[in-house]
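Structures given as structure tokens follow.
There are two complexes below, and they share subunit A, which is joined by subunit B in the first and by subunit C in the second.
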Partner chain A sequence: MGKLYDRLNQDIRFIEGLNGCLNCGVCTAICPAAEFYHYDPRVICATVQSKDEKMIEALIRSETIWYCGECMSCKTRCPRNNTPGFVIMALRKLSQELGYFTDSEKGRQQFAIKRAIGGNILRTGYCVNPDIVSPQMHPEQGPVWDWISMNTPEIMKKMGSNYKQAGVGGMRAIAPEVLEELDRIFEVTGCYTLFDTIEKHSKHKANELGIEISDEGIGNEYFMTVYTENNGSHNG
Partner chain B sequence: MAINSQHIVIIGGGPAGLEAASCLGTAGYRVTVLEKEKQTGGKLLIWDKLFPEFRNSDKVLNHLSNGFKTNPPQILTNAEVVSVIPENGQHRINLRDGQAFQADTVLITTGFKLYNAEKKEEYGYQIYENVITSFDLEKQLKTGNPIRIEAGLTPRRIAFIHCVGSRDIKSGNIYCSRTCCITGVKQAIEIKRRLSDAEVFNFYMDLRMFGQNFEELYIEAQQKWGVTFIRGRVSEIAENKDNSLQLKAEDTLSGRPIKMSFDLVVLLAGMVPEPRTVEIGKSAGLEFTSGNFLAGLDSHISQNETNTPGIFIAGTCREPLSVAETLTDARAATVKMISWLRENETSHKKPLIKRDND
Partner chain C sequence: METEGKKRVWEEYQKEIADDHYFYVRSCIRQTFFPGSETTFLKILQNDLKKDVFEDARHTTCTGIGYHTDIVPLETTMTVIARHFALMTEAGYVNIIPSCVTSFGLYTEVLDTWRHFPEIEAKIREYLWKATKREFKVPENLVHTSDIIYKFRNRIKDLSKVSLINKKTGLPLNVVEHIGCHYSKMFPQSGVGGAEFPAVLTGMIEAWGGTVIDYPERRHCCGFGFRQYLVKANRGYSVSNSKKKFESMQPYQPDFMVANCPGCSMFLDRWQYTIAEMEGITYDSNGTGIPVLTYEEMAGLVMGYSPWDIGLQMHQVSVEPLLDKLGIEYKKEDKYLGSNGQNIGEPQKPMFLIV
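So, the complex of A and B:
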């Protein structure tokens, strides 16, 4: 398997993201995730910089690495030109590859993201669009969302979008040749391999927990479990 | 006293220039000091009390001026040097007003400039009225007037921010400005002396208390004056509706992001080279440090000599230093200059002051 630290060092984001951290805390002071979660990008840099394999393993098995919102505010301020957000990306990738992400509640959500957003992109060319955001799955959208989702075509028309039609404009249908291109990009960049890895480890976890999981889509018990579970200990 | 006919020009009449002038004068050399301002003294004219013993800066200034009892130098003020050109084994020093001087050897002591804190826009200097620099505070303290914020009120919570424009790749200055930590301690104590009810906080990354009695002063700030030190670099400052300031940092020792409100924020801006000094250095073929200060020939054994024979450097034009260090550095430079002049005595030069427009 090789040492975790060495594997991180093969990731360009890690090489670019950590140039020697002086532990000043500016990244944490600017980080929106640190305001809400038990999360401290400075400590993450210090942990990784220690090259302590046990601590790095604990980190990529933990909830912590999944709190970052990838906003890259930390990049703008660090006096050493580090980007903790990049370090997080490299840690997440390693956690995905090794299957450690299934050890944590936030990590298990990788499965939901892969099935939902990952599926959406390949099917429609959009990460999210109004058709996909169902009121049942998204109570945070509020009661008005019910009405919008029942009247989407009319509303989209009123708003001047090119809803589901060929050609240009917002909300247009993405052309088949573009979707094919996306498919090739996912193939060439290793995205499909990563998807398969997430599937494999998630299925393993589902079986371990005795929760039903399907081969496709979001209509299965494991999806709903990782989508909704919240142990309440992430912040506060 | 026999006056040596060799002529020395010192560029800059701050602490370094004045100390070197008195040493070289006492040693019997003919010295001209060129000072761009209307008065010599450099930053000592601006600072109120000096660390570490809170002596009035005037006291040090008086000492420097009293060094001129024997063989005083010729001091020219309003004389800004723009270039130094090596010429026939001598040096030609050009002023902004067109005058020129010849010298056998030149000592550059043009000092430093305060880092322009406006560049760190996240701290809001010149945007928020109650964000000031250590330089501004020093000027305010020197007036002797009570400390007030813009609205005329007495500040109750005051923050000092360390490393503004230093130790920061983003601002282009990787080096440590060395004296701002102890300046922050000095000014924090000075505020507590005048406003005993005020709460004073220093936000630092490391406290660099390298000099004699610096650490003692840090302890005094904590124990006697109740100044609070928080280890964390400030990420940004925002202004509240009432013109107070909200500051964000991480208390890295407890690992918690914090937001705090202050009435006054003082930025401990670092030292940068004077742009004019960089021009002079280039004209004389000198080399520069990575921070763009004038570079000595060797960082251990000859910090005051340069790669251009006959041109010497001392004080904060070559690296951030305290006053005590600056004076030591100036004295060290004069020893090297005297050796150099002795070795080059045999050449037949006309060392008279020559003014082009005479």
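So, the complex of A and C:
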């Protein structure tokens, strides 16, 4: 394992995202996450720019890097054309590769995202489709979404979609041979390696915490724990 | 609103938008929550404006939500997008138009990265060939689908049946426009009007008779935040950001909001319901909330399309107060009917939000 800073410097987003921060704090002023969480992109940039290995390790083991919403508002305003959001993406990748993400409550959520979104992409060809927005998991969607969920094929038909059918159109079924192409892209480009790493470290953490975890799917205690747990220390 | 100076200053942010022959790429979020919007976009382009829009059934998600939740590596996302370029190339098209703002931002990021680092483009070409035996040309013109409607806003005005004017008072409707962050915050030159004064929705609203509200938190994120909404434990972030916007726009008494991003349209609608049920608050004076439209829905209404054909019944905040102001005739009893006019039940009523 090389130095953490050197590994960050291999990520194109880190190279593009940090041209030399003057610590003016404009990114923090505009940042939606900084207003909601104990989060300060200016400090993130200062920390990685210091090249202090201990501080960088502490950062990628912390809750902090998971607070960013990747809206990239910081990019627009930075007078040095930095993108702290890109720096965050490089830090998150490194945190996952090293298994440090399971040290934090927010980091452990990567397991739920991998199972829900990652699984859905490979299963359906979509990041999101109506099947994964269940009213039980999404009470904020309201009674109209409940009604849509109960009548999805009919409502999709009325909207001119081609719901789960072959051919073009909204919410069409993605053909098996297309999903095979996605599968091969995920294999060739290293996505499965990242998935396996998230799985391995999450299972280790689940066992350490004594929480039941399954080999696949979202019907397990560890998924629901990381999906819902909030210790209340992140803001306020 | 004083716009002349801004127009002059931001002239450099007027980008080229192809006139015809588009390769269309759908949005996961749009197809899920407001599918009538994509249908309406295609009807306007193909039937009303007689444009050539091609869709290949083999296109997929761009993986954007996976990428921005950090579970999908950049190389994977780039290769999936490269595959879409390959489908476009195979079909003989050079203009690509993603329906999703996250996709549009990513496509822009990919092309920008390849311009600065040709060796990365070469690597992605190798990955794509190895995985799919496909090759591609980069698009000559990449724009978001809202840019297309913006480009043809005056043609749509010529064909329009409805103006964004209050039928009773004769005054322009007050409109909040919300631009998805990834439309131009990362690459300002990629958006019409840049990141500070994007004109893409303003242009439509003003062409069709409305007035744009300039409020303090106009450019603030809707609060999606990817992992901040997708994970239940984080949703406080998401609703808080929308709430900040609602509070900021409330004094200006908007008649409706319109957004060009699939996620933003949905969140600005759903979070009004959530806040109403949690706190007993709405941001209008009647307790019904502020209607939220997609830009395709706004264009569809202007073109005289039926509100229930374009999907306005899929919004949680009722659109009827807006339809009444516009003088659009509709049958309330038809709102929730199925495709053949059959009864498929109706949504339950919220506790606080009036529908």
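The rule is short, and it goes like this: the second predicted complex is superposed on the first by the 236 of 236 C-alpha atoms of A that agree within 3 Å, B and C clash if a C-alpha of one lies under 4 Å from a C-alpha of the other, contacts with A are read in each partner's own complex, and residues count from 1 in each chain.
Please note the rule applied: contacts are C-beta pairs under 8 Å (C-beta built on N, C-alpha and C of every residue); 3 or more make two chains touch, one makes a residue touch a chain.
This one's a predicted model, so the numbers in the text were calculated from it and none came from an experiment.
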First (subunit B), second (subunit C), both or neither touched by A:Pro79: first
First (subunit B), second (subunit C), both or neither touched by A:Asp52: neither
Partner chain(s) touched by A:Gly190 [first = subunit B, second = subunit C, both, neither]: second
A:Cys24 touches, of subunit B and subunit C: first, second, both or neither? first
Subunit A residues touched by each partner, larger count belonging to subunit B or subunit C: C
Which superposed partner A:Glu63 touches (first subunit B, second subunit C, both, neither): neither
Partner chain(s) touched by A:Asp103 [first = subunit B, second = subunit C, both, neither]: neither
Overlapping contact positions on subunit A, where the subunit C interface meets the subunit B interface: 35
Subunit C - residues contacting subunit A, complex: 26, 28-32, 35-36, 38-39, 55-58, 60-61, 63-66, 68-76, 78-80, 83, 105, 113, 116-117, 120, 127-128, 130-132, 181-182, 185-186, 188, 195-196, 219-221, 223-228, 230-237, 239-241, 244, 270-271, 273-274, 277, 309, 311, 313-316, 336, 338-339, 344-350
Residue ranges of subunit B touching subunit A (in the complex, touch as defined): 122, 163, 167-170, 205, 231-236, 248-252, 255, 257-258
Subunit A - residues contacting subunit C, complex: 12-13, 16, 32-33, 35-37, 66, 68-73, 75-76, 83, 89, 92-93, 96, 105-106, 109-110, 112-114, 116-118, 121, 125-130, 133, 137, 140-148, 150-151, 154-161, 166-172, 174-175, 178, 181-182, 184-191, 194-195, 198, 226-230, 235
Residues of subunit A that touch subunit B when the two form their complex: 22-31, 34-35, 40, 42-43, 77-81
